[in-house]
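Take a look at the structures below.
You will see chain A twice below: alongside chain B first, and alongside chain C after that.
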Partner chain A sequence: MKYRLQIIKTNIINTFQHETAYFAENWSNLLSTISYTLVLLLFLNVLYSNIKEFAGYNKDQMMFLVFIGQLGFFTGWGLFAENNYFLNEDIQTGKFDFILIKPVPSLFFVTFRWFPIVSMLRDSVPVILIIYFSVNWSALTFVASNIAWGIFIFICGQILWHAVRFLLVLPAFWFGNAKAVSSIAYALSETHNIPLEGYTQNLRILFTTVVPIIILAEVSGSVMLGKSNGPIMALWALLVTIAFIFIINVVWKYALRNYTSASS
Partner chain B sequence: MLFSLRQLKLLFEVAKFNALKMLAYPWELVAFFIQRFLGLLFLAIFWFAVSQSSTTLQSFHSLIAYFLVSSAVRDLTFSYELKFGREIQRMVKSGEITNYLIKPVPAIPFLFFAYAGQTWMSLIYSACALIAGIILLPPLSVINFIAFIMFLVLAFIVSISFNLFMAIISFYVVEAQGIRNMFNHVIRVLSGALIPLTLFPGTLRYFTLLSPFPLFAFTPTYVLQNTLPWNELGYLFAVSLGWAIGLFLIMSYLWRRALKQYEGIGI
Partner chain C sequence: MTNIIEIKNFSKEFKIRTNKNVFTGLFDPKHRIVKAVDNISFSVKEGESLAFLGPNGSGKTTTIKALTGLLFPTDGEIRVLGYNPFDRDRVFLKQIGLVMGNKAGLSWDLTARQSFNLLQKIYEIPKVDCEKRIEELTTLFNLKHVLNTPLRSVSLGERMKLELIGAILHSPKILFLDEPTIGLDIISKKNIRIFLRDIQKHLGTTLILTSHDMDDVEKVCDRVVVINHGQKIYDDMLDSLTKDYRKERIITFYFDTVPEGLASIGHSEVQEKAADFITYRTSSEHMPKLIEEITTAHSVLDIDIKLIPLEDIIEDLFSKKITAK
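Right, the complex of A and B next:
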């Protein structure tokens, strides 16, 4: 455990040095995320100028769902998405050999090698604050137990999103490149703005079991707002998370056996 | 002539060569179509849920037709995430662009044809989406088709200008990803790619239509699917033409200026 924490510490320092190398880039990214938020709010305002409710969510509830969705996006994508991108590049170029010869657990290293705390904070804090202050909190009713279940589901959802993204990169071990395959995750992230209740029954089952991408924001948001049963959803999220952690470990071992490296 | 026949032949060879390169990873092609299909699927789920929530909105059927055509327009005009500009940004950052600047061919057309070759599957996707959109909501007359093609040409010029702008920025700031993302976010909503501009409140819609962004998705789709009075069509055309000519001239000038201050290795 101590060794693994040391790896994380080294990776955080390395990432920090890398991230602060291009100063102007930090400002332009800040502008980018702020513009994204403003455009998102404009989109919601335009949408709700045409409708009163969307899948049973009024504007305040929808704003809350967007808040949860963005929180999930920035923590999960901010911390782990780049690692998957690097993994694909390394396999394609043969640099993955250098990871295998390092005296570190390979799965752990490729999951946590890039720790972009600067960019995560830079991109997420302004966005989250803007959305936070745009939510009419007084119009929302919360129950403490629902919030607790919601947070638990949110954590499970975060692990599951990472699992989905990670599994989408692994075909690179067989085909040499999984850039477009892993980009499917970007298309899947379009689900963030659709409430759980907006999906048909079959799609709900699909996206909470086979491709469990709506547990993070949609299910946790629905539970926090009291629209879904907290304990049942939490149990379901836990079971799916355990299953996916198991799947990742099995597929990783299988993928390593198939890795032929660039030079062989 | 803008290009000699020999140069044009060479450019098509460049496109062909880059298209063939993409065949090396067939699963990537499959993944590309899955990705695009999922994008449309989620958009459909979203708007299905929206149309269920309101009786005053456009029908789900016409909304899907709108998004099919508008997504085709985004690809056909190369405005989808300004990826051509991103490609040049990457080359400028790595210094790879030097290889193209020293070739005895015009750099931008050369780079564009190379990029277009790499993205041939986007063009196939957009052709399928366009045909599906036309079948779902057929245009009422041949004038719609003519207007669509005219606006598509203008949209292409404006899009290339925007892509060039992204490339120009990278000559001045090493890493321009954030600026490009900012434009992409704005374009996504103001182009009508995410929500039809017909749903915008009156004043906001008026000012948005004055900007170049609707050309990337809304305007060509709008003229294809609706019979517009001549004065409205003329107004949209005048605004679009103004942007196309203005932006093209400005970006051509800025590109030449940017090249002058480029310090590539070996130049």
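Right, the complex of A and C next:
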């Protein structure tokens, strides 16, 4: 454990040095994320000026769901997306050799080698603050236990969303490149703005079990708002998380056997 | 000395997709099997320096990758330092190093020192020892001035030397080198060869090298394994390979204009002919006679005498002029 923490600490420092190497990029990214958020808020304002409720969510509840969704998106994307991107690139170019040759557990290393704290703060803080100040908090009622269950589900959801994105990168071991396949994860992240109660029963099962991407925001948001049962949903999220950690480990071992190590 | 590497009947096949049609390839992919390495066996003793030679696509890099645990063998058994490389045991990985001339192992945007810092943590090298080793190696390679420069800003030669330092920072027992001097200038190549020979002789590091540069092989290795089309065609000491050729010479005569009618004389064969020079391949026994005949009959500007280059010897091997061992 101490060994892994030391590696993570060094990776955090190295990532910071990487991120600050191309500083001009930071401003472009900031503009991009703020633009996306403003368009999303504009859409919700137009929507709720015409309807009172959407899938049982009034405007304040919907804004809260968007808050959770974007918080989940930016923290998860910041922590793991770049790691997945680099994994695909390294498999494609054969640079993955230099990870496998090192005496460090490969799955651990490819998951935690990149900690873009600067990017995460740059992209998430302004956006989250914009949404935070757009939410009418006084119109929402919260129960402490629901918040606690919701946070637990949010953490499980974060692991699961990463698991889905990670599994979508692994075809690179067979096909040499999985950039297009893994971009499906980006498209799926748009589901974070749809309330859980809006899905049909079949879609709920699909997106909480087979492709568990709605646990992060929709399920945790629903539990925090008191619309779903916290303990049951938390247990479900935990079981699915354990199952997916197991699946990732098995598929990873199988993928390594198929690694062909691209030559120059 | 004990065997540090044992390969028995190692084969590696790759599945290559043949139907690349966007539509039909989805439902009927069709593959063909390419045998990169076919039933190779050999062993390496501790402290040996072995060159693994072969033309492009012969399977030498595939073998090195299997020895380092990067590729899973289709068939056969591989033991390196008593371990199955593909198990990627931490104790095993701490004892090997890999340098690939055509791939960068160190991070492009970081300085070498920052990358070495990560390696120090990964290999659990005591900080003081690591600093001392970085100091020694950067002094030896004259790299102290680029230690704190991002890798993208250093020259190719400096980068390759830094890659080498990264690969040996943990003092590996076996160092695998795949084209380590590719693209380097003569001085850098020379420094790297001297250094490799030095760690092999003084630290007992086992070296496994692949290179298309025969100077690398001659200066660094004692033993040669040659493979072609995935099969081993030669395995012996470098001296044994060159022994028969030591009696042969390549002699080039330079003229203002090569005299007309100059051709093969007795046992001396014309190898190359141009407007102002002619090159013969002959035995050392017939050499004096050849020189005498030509210099007596014609006005020669200069004479150049060489041993048969290793490239030509290896070429003979590929064309099977030399019996496989």
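Definition applied: the second predicted complex is superposed on the first by the 262 of 264 C-alpha atoms of A that agree within 3 Å, B and C clash if a C-alpha of one lies under 4 Å from a C-alpha of the other, contacts with A are read in each partner's own complex, and residues count from 1 in each chain.
One rule holds in what follows: contacts are C-beta pairs under 8 Å (C-beta built on N, C-alpha and C of every residue); 3 or more make two chains touch, one makes a residue touch a chain.
Being a predicted model, the structure only gives us computed values, none of them experimental.
Colleague: Taking the superposition on A as described, I'd like to know which of chain B and chain C A:Pro103 touches: first, second, both or neither.
Modeller: After superposition on chain A, A:Pro103 lies in contact with chain C alone.
Colleague: In the superposed arrangement, does A:Lys95 touch chain B (first), chain C (second), both or neither?
Modeller: Once the two structures are laid over each other on A, A:Lys95 reaches chain C alone.
Colleague: With both structures placed on chain A, which of the two partners, chain B or chain C, ends up touching more residues of chain A?
Modeller: The partner making contact with more of chain A's residues is B.
Colleague: Could you look at A:Leu42 and tell me whether it touches chain B, chain C, both or neither (first, second, both, neither)?
Modeller: first
Colleague: Counting only touches as set out at the top, which of chain B and chain C does A:Met1 meet: first, second, both, neither?
Modeller: neither
Colleague: Looking at A:Ile194, would you say it contacts chain B, chain C, both, or neither? Reply first, second, both or neither.
Modeller: first
Colleague: Considering only the touch criterion stated at the top, classify A:Ala144 as touching first (chain B), second (chain C), both, or neither.
Modeller: neither
Colleague: So, does A:Tyr259 touch the first partner chain B, the second partner chain C, both, or neither?
Modeller: second
Colleague: For chain A, give the residues common to its interface with chain B and its interface with chain C.
Modeller: In chain A, residues 22 are touched by chain B and also by chain C.
Colleague: Can you list the chain A residues touching chain C in their complex?
Modeller: 3, 6-7, 10-11, 13-14, 17-18, 21-22, 93-95, 97-98, 100-104, 106, 256-261, 263-264
Colleague: Touching residues of chain C toward chain A in the complex: what are they?
Modeller: Residues 14, 61, 65, 68-72, 86, 88, 90-94, 96-98, 100, 102-105, 107, 109-110, 114-115, 117-119, 121-124, 150.
Colleague: Could you pull out which chain A residues touch chain B in their complex?
Modeller: So the residues of chain A touching chain B come out as 22, 24-32, 35-36, 39, 42-43, 46-47, 49-55, 171, 175-181, 183-184, 186-188, 190-191, 193-195, 198-199, 203.
Colleague: Quick one: in the complex, what on chain B touches chain A?
Modeller: So the residues of chain B touching chain A come out as 25, 27-29, 31-32, 34-36, 38-39, 42-43, 45-46, 48-50, 52-54, 56-57, 173-179, 181-182, 185-186, 188-190, 194-195, 199-201, 204.
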